[in-house]
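Heads up, the next two complexes both have chain A, just with different partners, chain B and then chain C.
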Partner chain A sequence: MTLAIALDILREARSRRWIIALWGLSTLALVVVALGLRLEVVDGALAATRLFGSTLRTDVRAVDVALRPLYLAVSYIVFYGGALLGIVATADFAPTLLAPGRIEQLLARPVRRWEVLAGTFLGVEALVLAGAAYGGAGVAALLYLKTGILNPGPVVAALGVAVAFAPVYAAMLLSVVVARSAALSGGAGLLLLAAGLVAGQRTPLAELFHEGASRAVFLGLTALLPRLSAIATIGARLAEAQPVSAGPAAALVAGTLAFAFGLLAVAIARFERKDY
Partner chain B sequence: MRRRARNAMLAAVLLIGTAAFLMWASEEPMGKAVARTVEWPRWMREEEHQRVVARRVLPPRPVASPTAEAAPPRPLDPFLEALPRDQDEPLIVLEANALRHSRLGELFVDCVVGTSRTDPFDEMRREAGIDPLKDIDRVAFSPAGIVVSGYFDRARLDQLQAKSELTSYGDHGQIFQPRMASSGGTPPASLGAWRGQLLVFGSRSFVQEAIDRVEGRAQAAPSVIPEELTYGEAYGVLPGAALQRLLGGAQTELGRRLASAAPRVELHVDAMHDVAAVARVTGADAEQLDDLGKSLGAALSLLRLDAKARGQSEIADLLEHARVEPRNKGFTLEVALPIEAVERWFDHCGAEAPASASHR
Partner chain C sequence: MLAIEAAGLAKTYGGAFGSPGHRALRGVDLTVEQGTAFGLIGPNGAGKTTFVKAILGIVNPSGGTLRLLGGDPADPRIRARVGYLPERLQLPPSWDAAEVLRSTARLKRQRRAGPAIQRLLEEVGLAADARRRVGTYSKGMRQRLGLACALLGQPELLILDEPTDGLDPMARVEARNLLAREVARGATLFINSHLLAETERVCTRIGILVEGKVVREGELEALQRSGNRWTLRFGDGVSSELLLAAGFTQAPGAGSWTFEGEAAGLNAALDRARAAGALLVGLEQETKDLEQVLADAVGDGP
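== the complex of A and B ==
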């Protein structure tokens, strides 16, 4: 039943014009980059880079090394752009699903309440993953066609978006269960995204606080939050072909997903108590 | 329904607690900070300029007809004066003392000491009276001979008298000419010494010309390596003709083209931390040089990709930072090896060096 609700969400997304418009916008951005970026590649070396006719670089160096800053920028754009577009695009899914009339009709069917929320969460995650993967794979394919070097970095960044979006959307779902409002849902998502960016940099930021109570409070508050900017950093490092320690990276991903499921469980607990 | 809500809340508490623990655990360093800048030897730095000035210990040469506008003659560096003046021959200088105190030098010394049964530096110290780790300042290599500068007051040159004929030369020079074997053949190299500051190895005429230049008797000729190019821990010049000779056999045509496009290649290597080399290629034909630069860049990239595919990490490391930068009347080729990669090369060398600490 969870999968059926997830599929319902995807069908509903397909029928929304502005989600199709966002899709079109992403495609347009890819086409613009494809037409504007000229890379003179000679046997695996980047001899010159021109963007809309203006020369960006003139030195000759290995193309995968020369393009590392580009892969870095693309992975950050895919990550943060994907997360922001995801929040905007999915903010009113849950409020629509829980709208008076529709929720009663849904609960009248043989479906458990937790399955409604789990299905919605799964459907939105699939939608965000598909969108980010489209952008990431599109950029990776474009650069492959222009340089002959296949760097899966942008695709990895897209997977990072799906992981980072899990706690964001869980917070959005929780807010909808508390008060059914698309604006509040989007606000909750943005707030958690911003908090996650801060939490990902909590160690250097803590040094800005005076040693003592204020620093301890900051560290205590951010200890529970998912380190979303750290996930973006892992994606960027992989895109740049830089080493990433597998253990801490796996712990970060697992912790982020556990936090998302924890928030989803809070939303389910609240939803179970509601009268419809 | 209330029981399900309570269970969900319990699961939430457990999950968020687990999440906090996992995320705390993930705050270990994610990887080494590898985004670093290589210091390229592209120009003379302040400390190198000070080094150049400190080495000017020879009094200035008198000018035949001084004019009011001309700058007064400045003191000279005896080592640079001793270097050969043949513009068609390669000449490479190693700053031996600076290299010795670089990380690369430390690794090399540890490796040599660690792999030898006896300490070869100590042997040289005892037998020749020269401590190669302290007394040698610079070494220049040319096809005709070698010039070494340093502190050779305690060198046991007297030991050579048994096998050589010693003659004084010029004001302060000495030449040790090995006695010829009766069978004839190529005469063995002579050794010239000047004021305990310079040693010159090569043919007798090479040694004599070097001492003549230092003492001001030789005809004035432009230096192959002018003073302003003496930066980095190794530097030198490769003329196109020398490149052509290097690429003989099946590569003769390539050598000819290289020599015609790049009549002069200037080299600088910085080895104080990472090992970074800059080769400045200049010539008259800008179009030919541009083609050469692009071909070189492409060749390096292919070599790197090939090395990566074959798992040859040493070559891949070396070519990671390789690039060709177009410049006025030519291009520069830059290649660097991060010190971590150098350390990996020396990983299994001199690990049991018992005496290494005493050299530092």
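== the complex of A and C ==
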């Protein structure tokens, strides 16, 4: 039943003009960049590179080295752009599903309550992953065609969006279960994304606080939050051909998903007791 | 076997921070036999929709026990045997009718539902509009699609909240015929409606809910009987004085008389009238329409 509800979410997304428009705009942006980008790679492995007509750096360097700043920027754009678009595009899915007249029909069917939220979560995650992968893979393919260098950074950033979006959407679902509002849902998503950025930079930001209680409170609070900007950094490091340790990266992903499932469990517990 | 069995069912909304909350259901005892067409009526705020939602697990009862088709309503296998039409129906506006029914079939665990979907679309008169977006449908068309969703999979129990609301007179007749066919098939029909004339036409048993309690319940005909009040018509040529003396009361309308009392008293009065030459040409026990039955029940209170 979870899968059936997830498929319904995807079907609903497919039939919404707003989602189709976002998809079309992403495609248009890719096409414009593909046709209009003045990115010139001269003479193979050692090259000077120009982006939008301006020389990136004056030195003649290896192409992949010269392109690293570009891939770094693209990775961050895919990550944060994908997360923001995801919040905007999916903010009203759960409020629509839980609308009076629709939720009664759903709950009267042979569906367990937890399956309604789990299916919604799964469907939205699949939608965001598909959207981010489309954008990330599109940019990676486009730059490959332009430069001959295949860099996985944008694709990894797209996968990072799907991971980072899990706690964001869990927070959005929890807010909808408490009060059915698309605006509140979007706000909750943005708030968690912002908190995740702060948590990802908690060590340097802690330096801004006086040593002692205030710093300890800041570190204590941010220790509980998913470090979303750290996930973005993984994609960026890969784009820059920097080494990424598998262990800490896996722990980061596991921690983020654990936070997401924790929030989802709270949302389900609240939903189980709620009257419609 | 019982389709619905509620004992002492209670529901209180709110009630946080020491406030008593709103008691929507105050111990409802109600049983509905399988295969019957049951109508639940009552004034606004009586708790009808709360009762319907409680038996489907849409609201969590505060007390009492409940069984649906002999099982626990929380069990998805039980709910798979139930069709439901909510009062304020909302359907995905960007889907077409066939998509809505296909999704319903999946959620009702119906496999190979294609032919059934096509048949239902024809039965509710939406076959020609099956590919149109539901958002472009009129209220009546949406209601008919909701009815089709409820009927999908030939459920054993149909719970319909205001099923004919928004339908034009012709569509109401079609919906009534459709529901009559479902009852003939053996399905139990449970209708919650404020359209009393419609309820009267479809249901054979009635329950009246007032202030969260069932105050009357029984066969429609029995509830409609006004008690010991009879209307009589006598042939021409008999004097009014004679009939008054026999114990009858003149009613409005030419030749109409009434009698209030037990059957034995009626027969004695008739014997006196006939002995004086009166000729009885018509006799019927007075009945009330459902509106009057409800008004009396509300007046009596819980």
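In this section, the second predicted complex is superposed on the first by the 255 of 276 C-alpha atoms of A that agree within 3 Å, B and C clash if a C-alpha of one lies under 4 Å from a C-alpha of the other, contacts with A are read in each partner's own complex, and residues count from 1 in each chain.
Everything below uses one rule, namely that a contact is a pair of C-beta atoms (placed from the backbone, for glycine too) under 8 Å apart; a residue touches a chain by one contact, two chains touch by 3 or more.
The structure displayed is predicted, hence computed values, not measured ones.
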item	value
Fit or clash - chain C, chain B, common chain A	fit
Which superposed partner A:T27 touches (first chain B, second chain C, both, neither)	neither
Partner chain(s) touched by A:P100 [first = chain B, second = chain C, both, neither]	second
Touching partner for A:S214 - first (chain B), second (chain C), both, neither	neither
Dominant toucher of chain A (residue count), chain B or chain C	B
First (chain B), second (chain C), both or neither touched by A:F259	first
Chain B versus chain C as contact partner of A:I268, first or second or both or neither	first
Shortest CA-CA distance between chain B and chain C [superposed frame, angstrom]	8
Residues of chain A contacting chain B in one complex and chain C in the other	273
Contact footprint of chain C on chain A as seen in their complex	1, 4-5, 7-8, 11-12, 15-17, 96, 99-112, 273, 275-276
Residue ranges of chain C in contact with chain A within the complex	13, 53, 56-60, 76-77, 79-80, 82, 84, 86-92, 94-95, 99, 103-104, 106-109, 146, 149, 159
Complex contacts: residues of chain B adjacent to chain A	1-2, 4-6, 8-9, 11-16, 18-32, 34-35, 293-302, 304-305, 319-326
Residues of chain A defined as touching chain B within the complex	42-45, 47, 58-63, 65-66, 113-114, 199, 203, 223-227, 230, 233-234, 237, 242-245, 247-249, 251-252, 254-256, 258-259, 261-263, 265-266, 268-270, 272-273
